[in-house]
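Each in structure tokens, the structures are laid out below.
Both of the next two complexes hold chain A, though its partner changes from chain B to chain C.
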Partner chain A sequence: MNTRIEIANLQKRYGRKVVIQDMDLILESGKVYGLLGPNGQGKTTLIKCIAGLLTPEKGQILINGEMRETRHKGMISMLADKDLFYKWMTVQDTINFYDTFFEDFDRADSEELIRFMELVPQEKVEKLSKGMKARLKLVLVLSRKAKIYLLDEPLSGIDPVSREKIVETILDRIREDAIMVISSHMVHAIESLLDEVILLSNGKIIAKEEAEVIRSEKGISIDDYYLEVFRHA
Partner chain B sequence: MLNLMNFEWKKSWKVFMLGIASVLIVYLYLVLQGTDNLYRGELGAGIAMTILVMLITVGSAALLFQSISFLSVDVREKGYLLFSTPNSAWKILGAKLTVVFLRFFIWGFMVAAIFFHMMSSLKVEELQGVLLHNVPQIIFLIVISALASLFFTMTIYFLISITATVLASWRHPVLFVILAYFGLTYVVDWVAVKLGELATWPVTFQWNLPMINEMNGFSITGAINYSAQGVSFNIVPALFYLVIGVGYFMAAGYLLDRKLNI
Partner chain C sequence: MKFDNNRPIYLQIISEIHKDLASGRLVSGQKLPSVRQLAIDYKVNPNTIQRTFRELEGMGMTFTKRGMGTFITEDAEMIEEIKISVPMKRLLKLYRNDWEV
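Showing the complex of A and B:
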């Protein structure tokens, strides 16, 4: 079954600061969306609103035509940009946590990914380097057969070797029946993954374009397109 | 729900078990060293009471710390992990409260066991008689205390849920929780006492020994009265506390499910 997210008239404020302004957006399965923009433009806020970790002041988020509720979290696999593990957890504990709470978690797949990412199950998560933590988060998120993947800055602060592995893993796990949203300000690193590009500035969508159109019709890379748009924004 | 309880238990079971083990080892060491002789006479009773008060204080501090940690851990960034699962906030709260209840129960039994030993070491026959012939009453007191701790925890969770949702922009959430706790508790207790005066439906657990006949009765929040006759449990204010507790639970779950920002 195909999945569809409809965002209508969405608004989110932090105190007096409006972070998302009257946003309308439709996301459909089979596509990888790049949510792009400099820091502080509302990318993380939008992702957290879709994931149900933030409550918007206005507007609605529909998933397959239904208002987003707690049960929809079972469909959403989110990679947070923050460190979200508890101090007592080992790599194996995090795997067990996901296996326990998400029905779509594929344990065999996670074990394969753990090996591929060179993680040690017995190791304490707090002892892992930033790059290894990023790998672990990706293992957990991509081991789920979710309908919606929300990856918030999966490459931020990651060394080039880890970055390559992460991009390779994401590429392998893209599915026709799922929506994947990747937020990043490192456009060149995720360029090869994207089907569609959404550019955010001051909480507004300032451009939404098919990646193929940018490459073939405009004849430029997404990185150049990004620079061009933000130069004139 | 069991999964969530297991997760809650795992989060700090080592600290909890370490606390239990430390107390038992230290106590056992004192007993093996013959320190229980200290409990004899009036001075002994003083020492026994001091140890008991210390145990209750440590238990209460742990309960307070655990309740407040809901603010510093679960509804902040670390809550990502828990609140990204497809579990409703009611389930999450329910699991947390069940674990609090179980831990309080275990701690309560340990304190009661130490209390038993101390009293029997006092070599006062009447006191030993009080303990041996009032086991159901003592268990009842532990259950009531555990329920009271649950009510306390739920009140704190409710107030923390408010700070994490509708008052998320407030700069001093802990101050709010502390002040609001005292205000809310004062009002709820006042209503409970008034209800207890208006409608009385007591259930009394008689003490099975008449020796404490000079003990004055005293009341906590109008629901429970301790006296020479026994433990009198007034159902009317207790029902009121139950309704308020359920109200806190429902409201906290609603706020966390619909309004949470983490």
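Showing the complex of A and C:
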């Protein structure tokens, strides 16, 4: 079944600071969206609103035509910037944890991904390097057969080898019945993954374009497009 | 393979397929790999491959057999044309670079 997210008139504030203002956005399954913009433009806030981790002051988020509720959390697999592991956990423990917690967790797939990412099941999560930890987080998030994947900065601070592995894994897990949103300011690294590009500035969408349209009509890469837009923003 | 990010990726894949035809790596009537497989091989979004397939079929370079996949055309004339066009394009590109220098 197809999935559709409709965001209308969304507003989110932190105290007096408006982080998202009057945002309208439609996201459809089978597509990979790049949520792009410099730091502090509202990327993470928007993702958290969709995930239900933040409650907006105004506007609505509809998932398949229904108001976003707690039960929709089962459809959403999110990669957060924070680590959610206990210190005593091994790689295997995190897998077991996710497996018991999430109904849609595909254990066989997680084992394949662990191998591909060259993670050692017995290793303590605490001892993992930043790159390896990022790999593990992605394994957990993508092993769920969710309808909506929200990947917040999956590549920031990651070495090139891990980056390539992560991009390849994301690519392999793109499904026709799922929505994928990837936020990043490392535009170059995710360029070939994207169907659509959403540029955020000051809590507003300043551009939404198909990736191939940018290349064919403007004759420039998304990376250059990004620079062009934000240099004048 | 590395793509030039300044040009539509589907066009670059089409020219890759042209090159494969010219070199004989792909032949008339041959089945192309699945969308998913090509997406992994080229490391691009499956929708980009789908677009490539649509364009190829639009040009008459491929045809689809329902439930079986996408195949290279059996039109010998067309394949011959592509085989000639690939080295021609390369030559033109060379000349163009020469002129620019």
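Note that in this section the second predicted complex is superposed on the first by the 233 of 233 C-alpha atoms of A that agree within 3 Å, B and C clash if a C-alpha of one lies under 4 Å from a C-alpha of the other, contacts with A are read in each partner's own complex, and residues count from 1 in each chain.
We take it that contacts are C-beta pairs under 8 Å (C-beta built on N, C-alpha and C of every residue); 3 or more make two chains touch, one makes a residue touch a chain.
These numbers come from a predicted model, not from an experiment.
Chemist: Fit or clash for chain B plus chain C once both are placed on chain A?
Modeler: Aligned on chain A, chain C fits beside chain B.
Chemist: Name the contact category of A:Phe102: first (chain B only), second (chain C only), both, or neither.
Modeler: first
Chemist: Once chain A of both complexes is superposed, is A:Leu193 in touch with chain B (first), chain C (second), both, or neither?
Modeler: After superposition on chain A, A:Leu193 lies in contact with chain C alone.
Chemist: Quick check for you: in the superposed arrangement, does A:Arg215 touch first (chain B), second (chain C), both or neither?
Modeler: second
Chemist: Please work out whether A:Arg71 is in contact with chain B alone, chain C alone, both, or neither, and reply first, second, both or neither.
Modeler: first
Chemist: Would you sort A:Leu54 into first (chain B), second (chain C), both or neither based on which partner it touches?
Modeler: First partner only.
Chemist: Check whether A:Ile174 is in contact with chain B, with chain C, with both or with neither, and answer first, second, both or neither.
Modeler: second
Chemist: Pick one for A:Arg4: touches chain B only (first), chain C only (second), both, or neither.
Modeler: A:Arg4: touches no partner chain.
Chemist: One more residue to check, A:Asp224. First (chain B), second (chain C), both or neither?
Modeler: After superposing on A, A:Asp224 lies in contact with chain C but is clear of chain B.
Chemist: For A:Leu84, is the partner it touches chain B (first), chain C (second), both, or none of the two (neither)?
Modeler: In the superposition, A:Leu84 touches chain B alone.
Chemist: Please work out how little space separates the C-alpha atoms of chain B and chain C at their nearest point after superposition, in whole Å.
Modeler: Minimum C-alpha separation, chain B to chain C, in the superposed model is 27 Å.
Chemist: Jot down the residues of chain A that show up as touching in both complexes, chain B in one and chain C in the other.
Modeler: none
Chemist: Which residues of chain A touch chain B once you look at their complex with the stated criterion?
Modeler: Those residues of chain A that touch chain B are 14-15, 51-55, 70-74, 76, 78, 80, 82-86, 88, 93, 97, 100-102.
Chemist: Note which residues of chain A are touching chain C in the complex, please.
Modeler: Spelled out, the residues of chain A in touch with chain C are 30-32, 167-168, 171-172, 174, 188, 191-195, 212, 215-216, 219-224.
Chemist: Please name which positions on chain B make contact with chain A in the complex.
Modeler: 3, 6-7, 10-12, 14, 73, 77-78, 80-81, 83-89, 165, 169, 257-262
Chemist: Please output the residues of chain C touching chain A within their complex, sorted ascending.
Modeler: Listed in rising order, the residues of chain C that touch chain A are 3, 5-11, 39-40, 43-48, 51.
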